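In the part that follows, the structures are each spelled out as structure tokens.
Next, two complexes with subunit A in common: one pairs it with subunit B, the other with subunit C.
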Partner chain A sequence: MSGDLRLESVGFRYPHRDRDALDEVTLGVAPAHLLAVVGPSGSGKSTLLRVVAGLLRPDRGEVRLGDRSLLEVAPERRGISMMFQKPLLFPHLDVLDNVAFADRAAGVPRARARAAARGYLDVVHLADLARSRPRELSGGQEQRVALARALAAHPQVLLLDEPFSALDPELRATMHALLEEVRAAFAPTTVMVTHDLAEAAMADTIAVLDEGRVVQHADIDALYRRPASITVARLLGGFSELAGTPVEGGYDCHLGFVPAPAPRAGEPTVVLVRQEALQVVDEHGPHAAASGLVVGSTRAGTRQVAKVELDAAAGAGPTASVLVELPPGVAPPVGHRVGVRVTGTLVHVPKPSADLESRADVDRSGEGAVDGALVRDRQ
Partner chain B sequence: MNARRAALGQVVAAVPLAVWFAMPLVPIVLWAVAARWSWPAALPQRWGLTGWREAGAAGLPSAMARSTLLGLAVACLATPLGAMAGRALGWRLTRHSGAASLVLLAPIAIPPFAVATGLDTLVLRARLPGSLAVVLVLSVLALPYTTYILRAAYTATDPDLELQARMLGAAPRYVLRSVTIPVLRPALVTAAAMAFLVGWSDYVVTLVLGGGRLVTAPMLLASSASGTGNEPLVAAISVASILPLLAVVAGGVLVRRGRQGRRPAAARCRHEW
Partner chain C sequence: MTVPGAQRRGLALLAPAVVLTAVVTTAAVGSVLLTSLGLLPLFGPATASLQGFEAAAPDLRVASRESILIATASTAVALVVGLTAALLLLRLAPRRRWLGAPLAAVLPVPHLVGAAAMGLLLSGGGMLSRVFGVEQSTWPELVGGPWPVAVVAEFAWKESAFVAVVVLASTSAALPDLSYAARMLGAGARQRLLRVILPMAAPAAAAASLIVFLYTLGSYEVAWLLGRAYPEPLPVMAYRLYTSIDLAARPQAAATAVTAIGLSVIAAAATLPLIRRLGAAQ
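Right after this comes the complex of A and B.
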């Protein structure tokens, strides 16, 4: 049921726009794999899906399914199903006829199509709602029917355009579990656009899109440990950006010396530090690599993150702020002075060539970027 | 209790509405079955079907048939054209919706007699058959109504619904037949009924462009009314002229009620979370 999907140097620009919505996009999804596409609003995520679906024709490049080019193939003949953000159930049909729609469009007699549709409704655990009208369903039920309907089209590729974004967190978790079940049962090649990084973590690989370009395509672990650029780091969130000066064996920054395998002599850079890699300690204690003032804090569930403005440091320029994830029960108040310690491995210097936009940002502030290096424990 | 009160409220609201529509019709219905009705009698002094016999002799059946055909032809032309224009405007497929609306409204913004007279000259020059010219011009006059009814329906319908159908393997023709038309059915019926009524009840365009050779029910009515003052004849033609309109309205109401009983209208296509 699954196919190998490839996009090669795809470019697309909407009429009357002054920049490309997709620019030299090259991506591959192995059969039965799930690719998540993330990126800020307007980065071209939905456009990418519509190009793959055939709803938009690219200005250049190639879209292939297996060894077959899809460019001249009509959307309904591509073997691709798409789930939109809205369930888009056909209001004049009952649930069973909605799921049977693809078979009916293919010329299957109604009784046979409806019989087959019952099997797909079983998969999404909605067999008892077969005779219901779409208006009688809840939002989650509608999306489950939409998923069953998409599967009933026997797609080689399943495209999901933020299909769960409008659901509440509990329903979304249910839908994620259901999607895993469906992948195990039908193994479609899947491309999912999402804003939710937790949702993206379900994927085998994640492609980060920014201004129509793929700025990184990696698995979730690589993405968090080695963001290819400052743009990617900002999109993922939880990173602090610190100006670094190359010294022998590493960089000097507000957190002190950070070792790196091959620092570029003479070129300042930006060091990215994950919030989980930092710890709040006593300002005057032996482990404090730097000290500063707590200027804010945010809470997400049981996790709390403090924003600490570090003191100016010799060789590292004026003050800089870092995000520090706090352990349960530790909550220094705003205005309190604390020490900051680097405890983990999640410190990274992105490659300069990976993100021209970010380099431009850095250059404007008088800094630069140098070759990437994943920094190990600096204890 | 609340349901009964609501039903009672509906009846109370319906009574003045029924009186409003029925009041002008009562005298002509009475005249149509009267043989003699002199002032100041409240009801006819003698009943009879003289008016209907005279209307038959004056060519009412063939005039009715011509009016029906004219109404159907206008509905068949103006409804799909209105659907196309409504789709472009409702889904903002054109960047010039203001200009398009102006063009569509122009025929009903200008007095029809002036339009008909001006077009008559063009039609004569173009050597178009009169009846064809009548159908075309009446279709243009019906277009604003069909467009605006269908524009509202398209606006209330998610454009992605058609794309979703294609992503399920449906070819464009199947999408039209199995998704677009069923979803827009109430609006299509209403638009077609409006276009039919424009064609059915027209007098000016038919008179000018038809050159007097295309005798429809409104033309027969007008010529009878301006003639000898034979009220039973005029009343019979008037009543006959109303019947198809009532049938269209009743049909439209039945279609809408049937649809509402089974499922929500097209506007429901916008899903709520």
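Right after this comes the complex of A and C.
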């Protein structure tokens, strides 16, 4: 029931706008895979879905499902279902008739369509609400019905436009689990737009959009280890940006020497460091790559992150801050001087001027990012 | 039952208009009812009787039929034209609200002005006959003829705009998105119209139609200007009898008005459950 979805050099501009909403977007989603599309607001994520759905016609490029071009195919004939941010259930129909809608629109007799719809309601665990009206449902129940309704259309491709963003965290987790169940059972090719990186982590691959361009398309691991640009790193969060000065074989930064394959002489760059790659140690200990003052901390669940203002280092410019993840239960030593040790492989130098040249960073094959990445192990 | 704050504030804002309307309507209906029953005579002692109804009975039947014909035809045309206009606007220009401006511009035009304009347009020596170059003698009797064509045309023109505005106001927020959702579920244009658009527009269209029906049933000036002398609809008959120099005709005028009110009440009572059911389904 799933298909291989491909976008090739797709461009789209809304009327009366001075820049493209989508610019040379090339992406591929393998059958039954889930692609998450992330990016800042206005980066073109929802436009991308609408182009795939056929609700918007691209100005250039190609959208293919398998061998078939979809450009001349009406949205209702594309074999694509879409879940929107709002459930958009039909208020004049009960839950069962909502789920049976696609079959009814295809001419299936009502009794047969409703019988089939019951099966999909079972999948989303809402069989007992079959006779309810949409206004009688909670937000989570509405989205589950919307998911059942989308599946009942037997789509080859399922598009999800931030469908869980309005739900509270617990309901969202339930919906994520349900989505996994549904993917296991029906295996649709899925494209999901989301602002939630935890949600995006469910995906097989993640495409990062910025100003209508795909700045990176990779799996979550590659994305976290080797963000193609500072923009991507900022979007993901948890990265510290340190100024790097080119030296023989690499860059010097506040944390010491970072090797790079071909540093450009005279061209400063930014070294990206994941917060998990750093450790707070004794300032005067043998492992301290740099030292500084803990100026603050943030907490996310059981995880605590300390912000350390590093001392100025020769050749690395004035002071800089880094984020350091602390082990569970360790109180952040705010106001104390500490040493910082690089413990992992999550130090990365993006391709110089990656943000300016992000168009060139697009992986045309849709299978990964091209970057000037260098990951070093400083164990 | 507790009333939410916003709803309470809405009711409070509406209260002055509602109270005033209720007082005026109750006083008018009470006075006309008492007059029709001989209990509020202009002269002589008050005596309860149905003489007003009995004296007007032969004409009342004909006038009722004429009124119902005009109201039904006007409502039907207004509904079809108004609903079509609203759906076309929703489909073609969901984000171009200015396209609805011509509809909104029709609403404040008084019916009297509309009737005069329709007379100038449709009468024998009117603009249309001149545009088509048809002799006055061969031009169909659209104004004051055997069929109330001009009356229905005027009501339909004005009220179709009303129907369209009501339908647009009640559906424009949700329908475009629901239509997209239906499309993404494989519904073509016909299926979307039958399974989403018309059911969604039905409550507003039905409510607007009832208002149009009741208005055209009770409005006299258009039929008075554009209709024939006989048979005349109930409001024209009531107006004629009420302004007659024969003051003894007042009970008949009141009986005619009461008949129009009765028909309106029957129409409302027959239709409101359907409108409620359509609304409750959403």
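One rule holds for everything that comes next: the second predicted complex is superposed on the first by the 348 of 379 C-alpha atoms of A that agree within 3 Å, B and C clash if a C-alpha of one lies under 4 Å from a C-alpha of the other, contacts with A are read in each partner's own complex, and residues count from 1 in each chain.
Here is the rule we go by: contacts are C-beta pairs under 8 Å (C-beta built on N, C-alpha and C of every residue); 3 or more make two chains touch, one makes a residue touch a chain.
A quick note: this is a predicted structure, and the numbers were derived from the prediction, not measured.
*Asks:* Are subunit B and subunit C a fit on subunit A, or do they clash, once the structures share the same frame?
*Replies:* Taken together on subunit A, subunit C would clash with subunit B, as the superposition shows.
*Asks:* Quick one: classify A:E142 as touching subunit B (first), subunit C (second), both or neither.
*Replies:* In the superposition, A:E142 contacts subunit B only.
*Asks:* Between subunit B and subunit C, whom does A:Y14 touch in the aligned arrangement: first, second, both, or neither?
*Replies:* Neither: A:Y14 stays clear of subunit B and subunit C.
*Asks:* If you stack the two complexes on chain A, which partner ends up touching A:A166: first (subunit B), second (subunit C), both, or neither?
*Replies:* first
*Asks:* Comparing subunit C with subunit B, which touches more residues belonging to subunit A?
*Replies:* Partner with more touched residues of subunit A: B.
*Asks:* Name the stretch of subunit C, from among 7-15, 133-141 or 151-159, that runs into subunit B once the two structures are superposed.
*Replies:* Looking at 7-15, 133-141 or 151-159, the stretch of subunit C that collides with subunit B is 151-159.
*Asks:* Taking the two structures together, which residues of subunit A meet both subunit B and subunit C?
*Replies:* Comparing the two interfaces on subunit A, one with subunit B and one with subunit C, the shared residues are 53, 55, 74-77, 80-82, 84, 86, 88, 90-92, 101-102, 104-106, 133, 135, 149-150, 153, 159.
*Asks:* Which subunit B residues qualify as touching subunit A in the complex?
*Replies:* Checking each residue of subunit B against subunit A gives 158, 160-161, 163-171, 174, 178-179, 182-183, 185, 263-264, 266, 268-269, 271, 273.
*Asks:* Within the complex, which stretch of subunit A touches subunit C?
*Replies:* These residues of subunit A touch subunit C: 53, 55, 74-77, 80-82, 84, 86, 88, 90-92, 101-102, 104-106, 133, 135, 149-150, 153, 159.
*Asks:* Would you pull the subunit A residues touching subunit B in the complex into a rising list?
*Replies:* For subunit A paired with subunit B, touching residues are 53, 55, 74-77, 80-82, 84, 86-92, 101-102, 104-106, 133-135, 139, 142, 149-150, 153, 159, 166-167.
*Asks:* Spell out the residues on subunit C that touch subunit A in their complex, using ranges where they run on.
*Replies:* The touching residues are 174, 177-178, 180-188, 191, 195-196, 199-200, 281-282.
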